[in-house]
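Presented sequentially are two complexes of chain A, the first with chain B as partner and the second with chain C.
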Partner chain A sequence: MSKVQRGTRPWRSIDSTVLLQQLFVHLGTPILAMFVTINSGISGYSGFLLVWFFLHLVTASLLGKLGKKKKAVSDSVFEVLSSAAVLVFILFVLSVLQPVFQLGLENFQVHHLFEDAKDTGVDTSLDIGGLGHALLGTLLTVGLATLFSLPIGVLAALYVTEVRGILTPFVRFFVQAMSGVPSIIAGLFAYAVFIASGILTYSGFVAAIALSILMLPTVARTAEEVLKLVPDDLRSAALALGGTQWRSVRMVVLPAARSGLVTAAILGVARVIGETAPLLLTAFGNREYNLNPLEGPIATLPTYIFQQFLLGTENDVRRAWVAAFVLLVLVSIVFSIARLISSRFKQA
Partner chain B sequence: MTILHEPEVVEPREIIISRRFSDKVFRAILVIGGLFAFVALSGIFGYLFITSLPVLQYAGISFFTDSFWYMGDTLLPSQGSIDPPQLGIFAMLWGSILISVLALSIAVPISMGLALAITHFFPKIVSRSLTFVVDLVAAVPSIIFGLWGAYTLTPHAELWAKWLNRNLGDVIPIFSVEFEYFGQSPFMAGIVLAIMIIPIITSVAREIYGSVPRDLITGAQALGASRWTMIRSVVIPFGKSGVVGGAMLGLGRALGETVAVFFVLNIVTGNVNWFNILESEGGSVASFIISRFGEASPLEVQALFGAGLALFVLTLVTNATATLIVNKARRRR
Partner chain C sequence: MDEMDSISTYNEPATESVTTPRDEIIVTDKVPTAMEARNVNVWFNDHHVLENVNLIFPKNSVTALIGPSGCGKSSFIRTLNRMHELLPGAKLGGEVILDGEDIYAPGTDPVGIRLKVGMVFQKPNPFPSMSIGENVLSGLRLSRRKVSNKSDILEEALTNAGLWKEVKDRLNVSAGSLSGGQQQRLCIARSLVLNPDILLMDEPCSALDPGSTRKIEETMMELKESMTIIIVTHNMQQALRVSDYTAFFLAEDGNPGEVVESGLTVELFHNPRDSRTDDYVHGRFG
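Now for the complex of A and B:
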């Protein structure tokens, strides 16, 4: 019996001497860089990283040269550059998340989730009041926006996958172009249609309209991807059984793509849950619970963060960090659910 | 004898080619759904245009080429104004472009490094978790990047800016400043935007780099290419249009970013900051709108809709171009 050869990656073979050299390069240079930064005028973490970067570059290329392979020099330089890009990115990401978690957890109290800010003034202690009204407002506006954009997004996707008419390229093009609409423009639009014209005041409904404009392209594109995964055999079989197109879509195609459509909705939610600018123009903000989306300003987490941070007093900035923490947790939950469902969908 | 039943002659069923009525309705509804994006885009354009029309008529082309933003008595001359307003958003438009290009020049190299590391460099587990992190960063709300910019980045970036100015300010003109106050400069807005658009560029680049045909890679190796030579001569040329398209998508996002920029940029009208990226003044159309909207008079609201119209057209053109480029790159593979 002949062995089936597994695909190998010849450029990845690492022998022991090279491994030793690489260990020296990767572990030795940071120590060297530390010495240099401590003993010279350069200071701070950024200085250390900069020195490390150049030292790494030089030693890596020198080692390549010592191995008497000219090409190895450019190889190692590329390697250093590429890992530097990764390192810089990771550092930035950590520096983004660290204060949110640190300051958020430091100041978070459970009652923040349920109480509104009715009784809090400027710089009130964090023992009083909370952000429950903003949390509820976010859930309300985003939920309404999902209600608006999911049916339309699925219809647009169904047009592309089921009708396949002459308009298909245009539909896809406009959906993609719509995904580039800046969030503030969506806010201005909803403001012009409903508030400037006097139909409604600042309210959750108008905010939901603005958000659904931002959500629609994400929903439509994801829905299109998953509807494409439904095999054409199923459609043909449904038609052969005598079903009309409407029935074959409703009873075969949509149920087959159900979990994918849920993913589409969740990805849409993840896209808009942190939007701030359109909400400042449409929902404005409020200090207490408002359950009526058709009337009166409504608070949401992003606008709450924005307004608290701009107040600038110590306790208000702390409240902003708590809200940022809650928002980030919310986003992570939504994101993880989407990931979980879509990975299961891919396996199926 | 048995009596045979006369066999019933079944008429062949008529084959109906035309669709049933219910299907016609169904397909019509789908067409409406499909055209919704177009309707929404035209609606947005129409509403922005109609709302800002009085202001655009008054200011004419100078609305887009002037930089002075002065409300006067917030009346148009036709309404009996004594102190007529002067409206121009050029400084904001230019500021948006400046910080977006700056963000691109930081984000594109990092994204290429990330995408190459993910597709051709790291072991699979590392690549997968790195992809997860990149996607997660794409989902982080912009307001959190705003907080980060104002709270974490500014103290550090001030030092970097000072260093750049001291050592390179005389040699490279973009690092020179008039006033030595380094906060809230286009430089910082550029860094914040760069972090926000890295995930967009990376995911497009990763997709294209990951789809380089295996034959091309093995072919290059068979010809004796080292890893870098292979990447330089095969992977990067193959993915060029993908990276360009991804960069354009990032540019569109950066142009329209509002809140994050609002937190880290000192928005100044009346004076165009052409290229002094460390100077503590700049502009951004989107942030300008949000900074003015709260206490705007009815006339200023109309003028801000004009600014929104300019931003909308700018981002739409950028995005349409990006979409065409990316689609072309995807089709080729």
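Now for the complex of A and C:
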């Protein structure tokens, strides 16, 4: 008689004593840590967390010893260490996000997205005015910067992956070196070339130049990686069908890498969307809408945040938090789009 | 035996093993030549991979290039449509004659050569961003040829590649939805659209199952009515099934690869002149 088999996961089954031991360690350690903290006069949450961390290392090792496996001790210590690192990481992220979201949402009003700050002075109530001019300015400057750096970045990547000319190692080297350029230097460069020389005034255009210097390495490197993923077979096939190199690239290589190239652009945008220093030197800032990127100072979210914090009054600081919140939401939207597109790219 | 009689030197048994002045497929005047390789040598940088290959490819025939891995067959086939020069460090000696002219003569446009000499690769490589129909017609767009009767050309190419019935209702679907064998036949159809005189096939079935392989072999038998086929294969049975002529390549002890023996496929398999050919075709090495 054959028994009807039921699927189990034998590799997962834990016998009950081990389960009890683990329960005891994971629940017992924090209680023990609390006890130690209170009785030893170490104060506060952070003291408790520290005590818990070290106690857990000890108890986890003991648990490993109980299992009578030599490897188990180092395994449990490693487990505790890496879990602690993850906890610290999450703590960092949350403590950055928490005040921005709390203060931002507390003070945010929908009209902030559309109104500018020309009627707001120092410490004006948040019911008046907004940061629409800064939001639009950010979209304009970053959009322009993308327009400049995307073609150059993709062409540079094509030079490295398709043309493979004698300059290839130099292009790679310069792209890498450029990614180390401090953003303030990029700002100073654009300022010196365009504004100090009198060619242009503070403007969105000059800001976009500064930003594209920062975007270019990100776009070029990502584009290169994506183009490298296009199989050589496709290039050979296109050439064997009587395509010139440019037509093969345009008809076969670029379309095959299309969504990856969109990701490259978005990663470039994410790289510069929060930049402040170069914008202070090139876009300067403005209290009202400036739709002309070629002339006159233009507000952007980072410079707006900076300037509101500098004012320092209660309402202005609140405005800064609202702007920080809007910027964060904008960045997360950009990143979500990038992830969505790149995950679709991997499936294809 | 009629066919054999028309070939001048094949019935003469080789008296001294490897003393033929030129290893080549020898044909009578009755069989016109589609392409001829004269003293073809291939290097990658300073590495000499192929030495003095002399082969004649008769029109409307299938020639199989066989030999163990690393003997230079694939390098050789890539010299026939100027794909060789795209590899880094590639160098070449000798001539490849097509329509009476050396395809490597100064001023010859490699793009024009590739239009006359099509190529099918080892792994099926349809363009992922294009539909089935777009893939078949991609050669026209890549080479900027204007045609008025696209749909006729599409149907003809797919029919000749033996794929029309399977895909006629889903020409707008992505080529990635086809099976490996169908993809390879799509790649053949893609080459046929350009109406090449010669079709090079570099191990076209090595990634395919026996059923798909049989279909591609049937396709080849039909295609040779209108073109010349040169196929690299590791599969001895396949060479025996599909080819009229065979050239056996071998690279020995670090020497560059060379053609050990070439001739009618039946001769080469059943009555080889060189003992190494005998050993290879009977699976004693390689």
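Convention: the second predicted complex is superposed on the first by the 317 of 348 C-alpha atoms of A that agree within 3 Å, B and C clash if a C-alpha of one lies under 4 Å from a C-alpha of the other, contacts with A are read in each partner's own complex, and residues count from 1 in each chain.
As a convention for this text, contacts are C-beta pairs under 8 Å (C-beta built on N, C-alpha and C of every residue); 3 or more make two chains touch, one makes a residue touch a chain.
Computed from a predicted model, the values in this text were never measured in an experiment.
In the superposed model, A:251 lies in contact with chain C only, and not with chain B. Of the two partner chains placed by superposition, only chain B is touched by A:181; chain C is not. In the superposition on chain A, A:242 makes contact with chain C only, not with chain B. Note on chain A: of its two partners chain C and chain B, the one contacting more of its residues is B. Once the two complexes are laid over each other on the shared chain, residue contacts for A:167 go to chain B alone; chain C is not touched. Shared-chain residue A:233: touches chain C; no touch with chain B. For the contact definition in use here, the residues of chain A common to its chain B contact set and its chain C contact set are 244. Across the complex, chain A is touched by residues 19-20, 22-23, 25-27, 29-38, 40-41, 43-44, 47-48, 51, 109-114, 116-117, 121, 130, 132-137, 139-148, 150-153, 156, 159-160, 195, 198, 221, 226-231, 249, 252-253, 255-259, 263, 286, 289-290, 293-294, 301, 304-305, 308, 311-312, 315-316, 318-320, 322-323 of chain B. On chain A, the positions that touch chain B within their shared complex are 10-11, 44, 46, 71-72, 74-75, 77-79, 81-86, 88-90, 92-93, 95-96, 98-100, 151-152, 154-156, 158-160, 162-163, 165, 167, 170-171, 173-186, 188-189, 192-193, 196, 213, 216-217, 220, 244-246, 249, 270-271, 273-277, 280-281, 302, 305-306, 309, 320-321, 324, 327-328, 331-332, 334-335, 339.
Listing the residues of chain A that touch chain C in their complex gives 164, 231, 233-234, 236-244, 247-248, 251-252, 255-256, 258, 348. Residues 81, 83, 86, 88, 111-112, 114-115, 118-119, 121, 123, 125, 127-130, 138-139, 141-144, 176, 187, 190-191, 194 of chain C are the ones that touch chain A when the two sit in their complex.
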